[in-house]
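Listed next: structures, encoded as C-alpha cells.
Next, two complexes with chain A in common: one pairs it with chain B, the other with chain C.
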Partner chain A sequence: MSIVLKQERAKQLPFGGIFAAVLGLTVIAWLFLNQSLGQVLLEWLPYLAKGFTMNVLISILAIAIGTLIGIVLGVMELAPFAVVRAPALVYVQIFRNAPHLVLIFAATYIFPFELVIFGNYVPFPDWVKAVVGLAIPASAHIAEITRGAIQSIPTAQWDAAQGLGFSRSQSLRWIILPQCIKRSLPPWMNLYASITMGTALASLVGVHELLHSANDASTAVQRTDFTVVVYLTVLIAFFLFCYPVSRFTQYLERRLASR
Partner chain B sequence: MSLTVPTSTTLVELQDVHLSFGSNEVLKGIDLKVNKGDAVSIIGPSGSGKSTILRCINGLLIPQSGKITVGRTRVDELKTETERIALRKRIGIVFQQFNLFPHLTVLENITIAPRKILGISEAEANRHARDLLEKVRLEQKANAYPGQLSGGQQQRVAIARALAMRPELVLFDEVTSALDPETVGEVLAVIRDLVREGMTSILVTHEMRFAEEISDTVVFTENGLIVEHGTPDEIFSKSTNPRINSFVNGLGGRATPLHDGEGI
Partner chain C sequence: MLDGFTTHFIDLMKTVGLNFEFLTSGYEVRMWLDGMVTTLVLVVITIPISLIFGVLFAAALTSGKKWLAVPVRAYVELTRNTPTLVQLMCGFLVLNMLISNALGGAQNNPLTPFFWVVAITGLHVAAFHAEALRGGIEAVPSTTIEAARAIGFNSLQILRYVELPLAVRSALPSIINNLVNLVKLTTVGSAIAVGEITYASIMIWTQRDNVVELMLVILLFFSLINLVVARIGFWLEKRLAVPGFGQ
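Our next item is the complex of A and B:
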C-alpha cells in the first residue's frame, strides 16, 4: 500500500512542478515583453483576488458541510436497521450520480432569495446556494468514502472493542472512525479538489467568483492578449490553491503511515 | 497453581450448553465449572469448540440452549446488548491476534476503555496503566504505537489492556499461537504471574507443558464435547483415554526441542 502511494507521488511530483513552472514563466515572459499588458493585469489583480476569495469560501464551506453530513450518512448506510439504512442509500445514490452544475442550478432556483426565520427576513444569497449545491454531492461522496473506510477495518477491531465493553456506537466513535481518517484522506483530497474546481460553475448562476471576475475584466478591457492572460491567471490561481492542499494531504498521509 | 487464594466459590458455570452455526453443531452439551481464583485450561484439537466456549462466556456468542452463569449473572438469560456489555466489562479477553488499536499508543490502548466506559480520570487511568505496564515488563514502551512492537510485546500490552478494566475473570484465546517461539515465553511468564496472584483465568491453549504447570483443572474437548476433565496430573499422566494420550504426547513431544524448558 505505502509502496504504491510512493510510486504515485513520484509520478505526480515532476508533472505538477513542470506544469506550474511552464505556465508561470510563460505569463511572466509575456508581461515582461508587453509591459502595457502587465500594467492592465496589475490593475485588475485586486478585483480578481476578491473573486477568488469567494471560490475559496464556497469550497471550504461546501466541503465542511459535506464532510459532516457525509460521515453521518456513511454510518447510517451500515446501520443494522433497514429504516435507517434505506434513506441514506437512496440519498447517496441519487446525489452521487448528479452533475455538480445541475445541482447548483437546482439549488439556485429551488430556494427563495430570502428566508423568514422567526419573523425576520434573512437574505439567502446566490453564493450560499452554490455552497448548498456543492455540499450535496460532496456529502454523498463522503458517505461512500466513510462507508468504504469503515468496512475496510478488520472485524477483529470490533471484537476487541466489544470484548472490552464498548457498545456499537462507542466502538465506532473511539475505535473505528479514528482509524478511518488515514484511509479516507486521499479520496477526501480528490473530492476537495473536484469541489474547488466546481466552484467556477457558480459563475453561471451569477456568483461573483474568480471566473465571473475574469469575464468582467475581459469585457471591460477588450483586448485579445489580455483576455488570454486573464484566463491563464485564473488557471494558475486554481493550481496554486489546489496543489499545496494536495501536498499537505500527502504530508499528513506520510505522518499517519508510521502508526 | 493458585494456592495463595484457596477458595471454592464457583465463578463460572456452564450446564449443558449447545450452540450451532446453522446446521453445524459446534457445542454439543458443555458442562464446566470454574472456581474463583482458579486457572482452567481447555485443550483439544482444532475445531473442537474451545474458542466458542470462551465467546459464550462473555456473551459474544449466544448459545441455543443451556445455562451459563458468571458470578450471579445468568449469561444465557441476558436479553439486550446493554446487559451483555455490562457483562463484558467484568470479563477480560485476550485474542490470538492481539487486536490492539493501531491508531493509539500503548498507554492509550490500555486507558481508553477505563476512561471512555468507566469514566475514570485520565490521570488515574494513566497511573493504573503504568502499573500494569510494569507488571507486563513494558513500562518503557508506553508511548510506542502497536506497529512498532514485536508480537510478544503486543500480546503483553493486550493483556494489560484487558486487566485495565479490573476484570473478575480473564479469558485467554490461544494467545501464543500467533507468536514466534522466542517470544512465547515472555507472554507465558506474564500469564503465570497473573495466575499466581489468583486471577481467575480460562485459557484455550496448545501449550501443553504450560497448561500442565499452571492449571488447577485441565479440560479436554473434542467434537463439541468435554471428553475428560481433571487435575493436570490426571489428564497429562494418568489418563486412560488413548485419544488424550496421543494428543498430549504428540503435541508436547513435537514442540519440545523448540522451547528449551519454557512452557510448551
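Our next item is the complex of A and C:
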C-alpha cells in the first residue's frame, strides 16, 4: 500500500494550477473583449468578496469547534470503559455517515433564532447555525483522525519513554503527541478543505455566503453572460482557496512518508 | 392492520415526545416514501455511472497520451477542489440555461434536474475513483506489464486484463469510501427540487414543524444505505482478495 501511495504522490503535477490560470485568463480576456460585462462584474465583486469572507469565517469556526470536540471524542473512543466509549462510538458512527446538507438543515431548523442566556436575549443567526451544522460532522471525522493517530503510535514507545525516565505526562507531551500531530495534520487539512466546500451548502438555508451572493447578483442583473461569469467566478474562488490547501497537504504527506 | 400499526407507532412515539402525526396524512406519507425511493434510485443509477467514468478517467490519466491525460487531470483537480453544490449550480443554472437558449427555449430542453444531479454527483465522485484507480494502476510492477506485452497483449488488453484487475483490488477501500460520500452527496438534489428524501422532508416539516422526527429518520436512512454499501464493499474485498497479493 505504501508503495502505491508513494508512486501516486510522485506523479502529481500542478495541472490544476495551470487549469485555473487558463480558466482565469479566459474569463479576464472575455471581460476585456466585453467591457460592459466586465464593468458589471467589477461592481458586484465587493459584494461577492463579502460573501466569500463569510465562507472562510464559517469554515474556520466550524473546524476549530470540530477539532476541540473531535479530540475529546477520539480520546473517549479509546477509553478502557465501555460507558465512556459507547456514546462516542455511536456519535461518530451516526454523524460521519450523515450528509452535511442534512446536518445544516437540522441545525437551522432545530435551534431557535435567539437564545436566552441569564435573562438576556442573544440572537442566534443562521450563519452560526451553519457553523454548528458543519462542526458536527467535522468533530466526528476528527474523532476518527485522533483515534487513528493515537493508535498508530506503538505502545512500546510509552515503555521506552518510561525507561528513559520520562513521567507519563512528559512522554505524552514530548514523545507521543508530537508524532500524533504530525500524522494527523494531512487528514485534518483534507477535512478542512472539505468543510470549506461544505460552507456553500449554507446558501440553501439563507446564509449570505458566496453562492448566495452570486445568486443575488445574477437575479439582479438578469444577463445571460453575467450569470455565466458570476458562477464561474464562484467556482474559481473556491478553487483558488482549496487547491493550495490540497497541494500543501500532498506536500506534507510526501515529506512525512519519506521519513 | 397497517393502519392499526401506524396509530400504535404514533402513540408510542408520542410517549417519548416525538410527533409522527404526518403518518396519518396519505398525501404526505406518499411524498415521503417517494422521496426515499427517489434517493434509492439516485444512488442505484449514480453508483455505476461514477464507476464507469472513474475507470475511463483512470485509463485516460495513465494512458501516457498528453491530449487525454491533461484535460482529465484538469477536470479531476477542478472537481476535487470545488463544492459539489457550486458545480451543480454551474450545471443546472448555467449550462442548462445555455442549452435551453441553444435549443430555443426551456420547453425544448430534455434535461431535467434529476439528470443534472446524476451527472454532476456521478462525475464528481468519478474523479475520486479515478485517483484511487490511478494509484493502483501505477503500482502494477513494470515487469508484469512487460510480461503481458511479451505474450502479445496490446495496451488496451493490458489495461483490461492486467492493470485494472490489480488496481481494483488495491483501490477498493477508497472506492467504497467514495461511494459512501456519493450516497451523502445525492442530498444536494434538494437544492434544485429533485424530490429525494431531504426535499420531501423539508416539504413536510415546513408544514408541521416536526424537524427532529424527520431528521432522525433521514439519519437512520442514510446510515442504513451506507451500512449496506460498506457491507457490500467489504464482501467484495474478501471475494476478490488474491492470496499473496496486497497486504
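Throughout what follows, the second predicted complex is superposed on the first by the 217 of 259 C-alpha atoms of A that agree within 3 Å, B and C clash if a C-alpha of one lies under 4 Å from a C-alpha of the other, contacts with A are read in each partner's own complex, and residues count from 1 in each chain.
What we mean here is this: contacts are C-beta pairs under 8 Å (C-beta built on N, C-alpha and C of every residue); 3 or more make two chains touch, one makes a residue touch a chain.
Owing to the predicted nature of the structure, the values given are computational and were not obtained by experimental measurement.
Q: Chain B or chain C: which reaches more residues on chain A?
A: The partner with more contacted residues on chain A is C.
Q: Applying the touch criterion given at the start, work out whether A:53 contacts chain B, chain C, both or neither, answering first, second, both or neither.
A: neither
Q: Using the superposition on chain A described above, determine whether A:175 touches chain B (first), chain C (second), both, or neither.
A: Only chain B; A:175 stays clear of chain C.
Q: In the overlay, answer first, second, both or neither for which of chain B and chain C A:163 touches.
A: first
Q: Answer with first, second, both or neither: which of chain B and chain C does A:97 touch in the superposed model?
A: Second partner only, chain C.
Q: Using the superposition on chain A described above, determine whether A:239 touches chain B (first), chain C (second), both, or neither.
A: After superposition on chain A, A:239 lies in contact with chain C alone.
Q: Once the shared chain is lined up, is A:39 touching chain B (first), chain C (second), both, or neither of them?
A: A:39 sits against neither chain B nor chain C.
Q: For A:151 in the superposed arrangement: first (chain B), second (chain C), both or neither?
A: After superposing on A, A:151 lies clear of both chain B and chain C.
Q: Where on chain A do the contacts with chain B and the contacts with chain C coincide?
A: Looking at chain A, the two contact sets are disjoint.
Q: Considering the complex alone, what residue numbers of chain C touch chain A?
A: These residues of chain C touch chain A: 70, 73-74, 77-78, 80-87, 89-90, 93-94, 97-98, 101, 131, 134-136, 138-139, 170, 180, 184-185, 187-188, 190-191, 198, 202, 205, 211-212, 215, 218-219, 222-223, 226-227, 246-247.
Q: Using the touch rule from the top, collect the residues of chain A that touch chain B in their complex.
A: By the definition above, chain A touches chain B via 156-157, 159-168, 170, 174-175, 178-179, 182, 258-259.
Q: What does chain A use to touch chain C in their complex?
A: 1, 3-5, 7-8, 11, 13, 15-16, 18-20, 22, 93-94, 97-102, 105-106, 109-110, 193, 197-201, 203-204, 211, 214-215, 218, 224, 227-228, 231-232, 234-235, 238-239, 242-243, 246
Q: Once bound in the complex, which stretches of chain B touch chain A?
A: Touch residues, chain B against chain A: 58, 60, 81-82, 85-86, 88-89, 92-93, 95, 97, 99-103, 112-113, 116-117, 145, 147, 161-162, 165.
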